[in-house]
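After this come two complexes, each holding chain A, first together with chain B and then together with chain C.
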Partner chain A sequence: MSEKVVKKGNEAICEAAIRAGCRFFAGYPITPQTTATEYLSWRMPEAGGVFVQAESEVAAINMVAGSAMAGTRAMTATSGPGLSLMTEGLSVIAGTRLPTVIVNIQRSGAGIGSITGNQSDFYMVTKTLGHGGLTGLVYGPESIQESVDIMYESWDLAEKYRTPVIIMTDGVMGQMMEQVEMPDFKEAPDLSEQPYVAGKRKGGRKKHLIMDSPYFGPKATQADNLEYNYAQYEKVYESWDENEVRYEEYMTQDAEYLIIAWGTSARVAKTAIRHLREQGVKVGLFRPITLVPFPKKQLAAIDKNKIKGILTVEMAVPSQFHNEVMHYLDKDIRVEKYRRGGGNMVLDEEIEECVKKML
Partner chain B sequence: MECIYTKSKALSAVPTSFCPGCMHGTAIKLIAEVSEELGIENDLVMVAPIGCAVFLGAFVEFDSFGSPHGRPGATGTGFKRSNPDVPLILYQGDGDCASIGLAETMHAANRGENFTVIMINNQVYGMTGGQAAPTTLPGQKTTTSPAGRSIEGSGYPIQLAELIASFKAPKYVTRQSLHTPKNVLAAKKAIKKALEIQINEGGYSYVELMSACPTNWKMDPKDTPKYMEDVVLKEFPVGDLKG
Partner chain C sequence: MENTYLLAGFGGQGVQTLGQLLTYAATDAGKYATYLPAYGGEMRGGTSNCTVKISDDPIGSPAAKSYNYVVVMNLPSYNAFKGRVRKGGTLFVNSDLIKDAEADEGVKLVNVPLMEMAKEAGSPVVTNVVMFGLLCAYTQDIDLEVAKSTMLQKMAHKEKFIPINTKAFELGVAKGQEVK
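Moving on to the complex of A and B:
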């Protein structure tokens, strides 16, 4: 039965994973992710799954890969510095095309940086998963409820496309509490016959030879097979542009001004929009929910004859999301940016000011 | 006529990619034979390393999966915890197991993960062309220690078996060698014992196998057994260290 509970973001997204059939978690404590690892240290065994506190994020992501190759719905959660360590494993997971789920609870800055919420891993996760130029589905929810809902269907998507799924929350969403509706428990499918799963051979089936670089295939040489197989991966990615793009339009019907933002920034922007609407400003929000695939066509279709100005909002300095959005917008539209870095929150009153300056 | 010896069914009908005089082929053959003797040839799963044995999966009829360089200890942990009934061998080299993957190796051993590590110790990085490994002998010339391994700059060879044996959790830790028929038979016994522990009582086992790399040692294969006996095994003595 679905139920309404009040839960911390990190715990809620982990509970949604359990209810989605996840039965393996490996993680390494890092602020602001720790409450996720703590929660699953007792909740995962209670649900009949396996919890491992890994010796590092390097190990954690590889444990997740190993569990996926046992046919289990497996996940990890981390934050910036840990994600850097995981890039090797992410590259392997993308190359092997293992259905896995990674939650990145973003903190700010490079190196050690700071522990407060931020959106500065946008480039790192959306451009390529580690070396090799492969990718996965990347989601940027704006609320605990949305992160729960995305988590709940993430393995269904991961298995459908044989891809990693990365859910990008942040320290704000991870640490705050709010009411959330939890979905029912669902059973994971039997994946034991999948070509990326080893062991438990039935009926004398042929061996599975699972490698992160697909050297084997219809071509004569390893290089030709790699090229051919990666071209097949590319077709999968391109199909996402058609079938998996998600975005929200908020009060855009009559909008003359538009805010474009994702995740926590978008949620704060909605407050600013409500205040501005009370003052008669016709402003709306375009919010990408999928960061990969990015809503390119939708951004390109924003009409310069209807929209007088656009404000991008993000928690990242230097800008990342802003630059990405600029690739697709009509060049004749006026675009301004408002961003906060260093772990500072974007503020609704500052968003209001920025929009008013464009009027 | 009575058949007294035949190729293991667990070996694929393809040539291996190993150099003449390399002992990887012997180690893999032993694993295949032991799997048949234990009746697990359809169940055993192997983790292939980064190194000369990267295409291990092509040479055996077992299911196998790859792992990033050094990470089999972690990949194996995830796999085995989710598939506790499937016998699992992590097949690793000395660079994989004792250098880049030292953390994963040690923590898996310390947790007492229920799998068997077979570590091929040939004192060099073979696939990349004979660079120094953490196991390279003092004074040994390699492409990255052209004047010979310096103790001052590179320290002493890491004796991984001894390190692992110092942990409480591992059930069986041994070092064997593949340089004489007698040693090969002892190595086979060790592999069998390790797998029996894994299957019957559960627990971590580690079998280090001393091996030759004539190509990168720049040595005639027929000279390697004597060199191993006289020099290598002085640094890496064979025998059970635990269990």
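Moving on to the complex of A and C:
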């Protein structure tokens, strides 16, 4: 039964994973992810699944890969430093195209950095997963409800495209509480016949291969097979540009000014937009929901004759999302940026001031 | 209508529970609400605080630069947040620990002998429930019947505290109505 509850972001997204049929979690506690691990430590066994507190993030991501190869809906959750440790395993997951879900509850800064929320893993996650230049679907929800909804369908997408799915929340969304409608429980499909799943097929016939691998293919050499298979992956990624781009336009109908932001920054911008609208400023929001695929065409289509100025908002210093957006926008549009780093939140009052300076 | 609350004190005074209670109760009363804890250094000793927003409409930012209502339960919190109350807003001060408090111009100051009131209710640990009742009565963001029922439901695991929490809530409500 779907139900409305008030929940912490980390707990809500984990509950959505359980309801989506996830039955394996391996992870290592790290602020601000810890409440997710804590929640699943009792909730996953209660739901009949397996919870492992791994000895490190390096181990955790490989356990997730192993579980996916056994045909289970498997996930992990971590934050920036942990994600760094996971990159080798992520690369393997992207290379073998294992349907898995990784939640990155971002904290700020490089190295140990700071433990408060931030959006500074944007480049790290959207450019490539580990080494090798492969990628996955990446989502940047703005609310607990949206993170729950995305989590709920994430394995369906992961299995459809045979890809990892990365959900990027942050310390703010992970720790905050608000009302959320939880979806009904659904059963995971039988994945035993999938080519990436090892073990016995139905009827007891053994598979010859432990798993599918990009080393195998129609070509004569390993190099040619890798090249061939990666070119197939590329076609999948390109198909996402057509079929999987998601974004929200908020109060853009008559907008003369535009804020472009994702995740927590975008929801903060909405408060600023409401205040600015009360003062007669025609401002709206363009919000990418998918970070991979990025809404390139939609950004390129922003009309310089209609929009007098754009403000990008993000919680990252140096800028990352801003630079990515700039790549696609019409060069004749005036663009300013507002960002906060070090774990500081962007504030609606400051967004308001930045927009007013552009008028 | 959107109201922003900042609740601050030292660890153990229950400001996080107070913030969560407001969020649960406002939601039960049919409003939109968000709760955002400050965590990190604060949670590991020293001061603790959280931001709560209660609104008739969906809430964008869960944080704010200034607040309609600021509750400070200890001196470090008073020093940190007394200047963050919006004009027309209210600063609630735990007068048992903070003497001779002052508020900025245009901000109403409400001194509350929180620990004394909690003791009167039956336990020094229910200062946050006193404050919960007080805020509900004072701000009128949350229907009092709903607030009371949410509080009792969320505190139900502490059975022996039910009469004490009820008393604390009622004392808070009376004080909130008195100072309004």
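General observations
Operating definition for what follows: the second predicted complex is superposed on the first by the 349 of 359 C-alpha atoms of A that agree within 3 Å, B and C clash if a C-alpha of one lies under 4 Å from a C-alpha of the other, contacts with A are read in each partner's own complex, and residues count from 1 in each chain.
Keep in mind that, in the parts below, a residue touches a chain if its C-beta (ideal position, glycine included) is under 8 Å from a C-beta of that chain, and two chains touch if they have at least 3 such contacts.
Since the model is a prediction, treat every value here as computed from it, not as a measurement.
With the C-alpha superposition on chain A as described, chain C and chain B fit side by side in the combined arrangement.
Once the two complexes are overlaid on the shared chain, A:Val92 sits against chain B while remaining clear of chain C. In the superposed model, A:Met176 makes contact with chain C only, not with chain B. Computed from Cα centres after superposition, the angle at chain A between chain B and chain C reads 120 degrees (steps of 10). In the superposed model, A:Leu347 lies in contact with chain C only, and not with chain B.
In the superposition on chain A, A:Met168 makes contact with neither chain B nor chain C. Contacts of A:Ser114 after superposition on the shared chain: chain C is touched, whereas chain B is not. When the two complexes are overlaid on their common chain A, residue A:Gly66 makes contact with chain B while staying clear of chain C.
When chain B and chain C are set side by side, the one touching more residues of chain A is B.
Legend: residue contacts after superposition of the two complexes on their common chain; A:Ala26 is shown touching chain B, with no touch to chain C.
Judged by the touch definition given at the top, the superposed model places A:Lys270 against chain C, while chain B stays out of reach. By the document's definition of touching, of the two partners only chain B reaches A:Ala74; chain C does not. After superposing both complexes on chain A, the closest C-alpha pair between chain B and chain C lies 29 Å apart.
Chain B meets chain A in the complex at residues 42-43, 45, 48, 57-58, 60-68, 71, 73-83, 86, 103-104, 107. For chain A in complex with chain B, the residues that touch the partner chain are 23-24, 26, 50, 52, 54-56, 58-60, 62-72, 74, 88-89, 92, 96, 198-201, 204, 207-212. By the touch criterion stated above, chain A contacts chain C in their complex at residues 6, 31-32, 114-116, 171-172, 175-179, 267-274, 343, 345, 347-350.
Listed in rising order, the residues of chain C touching chain A in the complex are 20, 23-24, 27, 32-37, 39-40, 59-66.
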